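What follows is one structure encoded as structure tokens, with my remarks underneath.
All chains are identified by letter, namely A, B and C, in their written order; residue positions are counted from 1 within each chain.
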Amino acid sequence: MHSIDLASHLRRMRQARPLVHNITNHVAMNTMANVLLALGASPAMAHAREEVAEFARLAGAVTLNIGTLSPHWVDAMEDAARAANEAGTPWVLDPVAVGATALRRDAGQRLLALSPTVIRGNASEILSLANQGSGGRGVDSTDTSDDAESAAVMLAQRSGGVVAVTGETDLVTDGRRLARIAGGHALMPLVTTLGCALSGVVGAYLAVAEDSFEACVAALASYAEAGRLAGEEAQGPGSFSVAFIDAVYRLDPETLNRQARVELYDAP
Amino acid sequence: MHSIDLASHLRRMRQARPLVHNITNHVAMNTMANVLLALGASPAMAHAREEVAEFARLAGAVTLNIGTLSPHWVDAMEDAARAANEAGTPWVLDPVAVGATALRRDAGQRLLALSPTVIRGNASEILSLANQGSGGRGVDSTDTSDDAESAAVMLAQRSGGVVAVTGETDLVTDGRRLARIAGGHALMPLVTTLGCALSGVVGAYLAVAEDSFEACVAALASYAEAGRLAGEEAQGPGSFSVAFIDAVYRLDPETLNRQARVELYDAP
Amino acid sequence: MHSIDLASHLRRMRQARPLVHNITNHVAMNTMANVLLALGASPAMAHAREEVAEFARLAGAVTLNIGTLSPHWVDAMEDAARAANEAGTPWVLDPVAVGATALRRDAGQRLLALSPTVIRGNASEILSLANQGSGGRGVDSTDTSDDAESAAVMLAQRSGGVVAVTGETDLVTDGRRLARIAGGHALMPLVTTLGCALSGVVGAYLAVAEDSFEACVAALASYAEAGRLAGEEAQGPGSFSVAFIDAVYRLDPETLNRQARVELYDAP
């Protein structure tokens, strides 16, 4: 029995219906908004430098994703992160393919310097952000979560935030505690931007939580449980993504507590 | 029995297969194009200032949506609105979250000044555009359609166009006539950008109609009927959005006339 | 019996899991990424001029699509095409609505001048790119593939690449050989950006093939077969698009060889 009451995180989030402001990539926007609505949160997508600080101040959480970045968008992300920091609003960094190009490495380091509340990426991205990686190959990870464990712990300690490495097994650490979350489904990596949308879900849980580590574990466990349920009905990645949105919508707090496969450790 | 022959609006639109040119937000583009294709219209999405006037002149209707706006895009929207006005082409303004930031308030007023044929928004957006609102909270409405009735009538009279307030019950007015459209389904607000896509549907009906008020009522009634049908099959917002596209495609004109819940009044 | 072993093209592609770098339009990005993942390839979407050459050098194939173009994006597409050419990487041009506006005609000719490995478009687009067309009406074709045959052969000879004209029947030519591919389903043109996503699939097959003509035929035949399968389950374009992604994922090489309706000719 794990010691985080996942159900209560989910209930609190649904009750608050937090506004989550996302500057995310063009591929992910629609999926992320649908996942957040199905979950019970209220998504806002806005990227213009002229308004992102205002949105960040309205929001319960901010998420920043460099998937289809351009220099102007990175400037806006910095503004949003600063506004979030000033308002005491939690924010999530999703460093998509951060090792692939110079532009991404630079954007990753600039946003990392602004102290994200949570960094969520795949193993290659976390290794790269911690300057230990091969850079992955494009967008998909070429490393496993376990490969990234020590990099994640180090990155969490250095940044003062929580680091989540998602993959077949997920790993969350705040540099002191460490959680492993199993579950999900083999079709999840075959649906584009489910990882990006998960960063939005982390934002939604952060918006109502006192403990960012716990919120992050609750978000990942919720996602894994929805993936498990969707996998029972899917014939392929098309029907999986439809069933997944339905499963997020229908997530039952008690079933989540019962089904979740979360293990807690002290960080090594 | 209401006095608008909805079936004939739908038939005329399908027969003409109007080209609808949309400058819409990044989140909505795919959904909007799919809804328009399923309906029987031909969507074009193009936003570069260098070509929007050309597209607007080719199109049967233009729709402009400020959901993920930037200053450059608003300039392009103004060009498209002017080209539509010069060509006598109807156009729709969708003032997404217009009250949320200074950039949006400014964009909303600039486009309103160009006399949209139809303004379609949720209650908070219409109140805000009419300078009476609280601004909503992000993208989702915090007011009901009835709250926005007098603002809608006033806005229609001031702008010389039709105003549609969509929500649990929809409201359409040209400042003189007023319609209420019931129906739809509770899952509709949980699917992102269905409201944005509805603005495209309004455009498709406008392209073939002489009476913009009637066209707008027919568009909203068609949407509500498709929502009702989709709701019968849905297990959540994922399966709802799939069933909704199918229902739009399979809309039967006679069933629409029979099922639609439209009430007509004189504006107060 | 046709003489291209489609099954072996599909198997080779799945085994290699090629990285396909796409600069595509905002409407298509999500669909294209999902189709490529379902097929067994690894998509990357990135458009910033500061990084496209790096991505093009990492990739097994590059695809460039002018659907929601802007001048800055066209500059980036030129950079990506040049980097692909220098690296000997195949690339696909998808000239969406190329005849509709001056901006598109100019972009089409600039990219054509960089010698795409494959040009894939509908009949109106191919006619327009070859300077013979009416320009279509917006995005949808107003001509049939047969109307475009001589233009396609001429364009292939002039550009030194392969030209694919997709529609009810598809046509592929390298200026010397010619293939006709039948199949697919009547709902395919009612799902937005399936044509755009097909350009990604062509890229995936090109990445592992020695003969671009054969690769292109194999890609189109795979798509037609997936369309046929999806059509058996669909109630409309919504359920079609879900079933289509599942069918792409489940494509069986032997069934593909057996079901494909490919005819090969000498070009006239």
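To be clear about the criterion, a contact is a pair of C-beta atoms (placed from the backbone, for glycine too) under 8 Å apart; a residue touches a chain by one contact, two chains touch by 3 or more.
Being a predicted model, the structure only gives us computed values, none of them experimental.
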Copy pair chain A, chain B: interface residue numbering same or different (half cut): different
Copy-to-copy rotation for chain A and chain C - C-alpha atoms, rounded to a multiple of 5°: 120
Between chain B and chain A, distance of the C-alpha-averaged centres to the nearest whole Å: 33
Junction residues of chain A, two or more chains touched: 26, 30, 241-242
In the complex with chain C, residue positions of chain B that touch it: 19, 21, 26, 29-30, 33-34, 37-38, 42-48, 50-51, 54-55, 58-59, 241-250
For the chain B and chain A complex, residues of the former touching the latter: 25-28, 30-31, 67-71, 97, 100-104, 137-140, 189-193, 235-239, 241-242
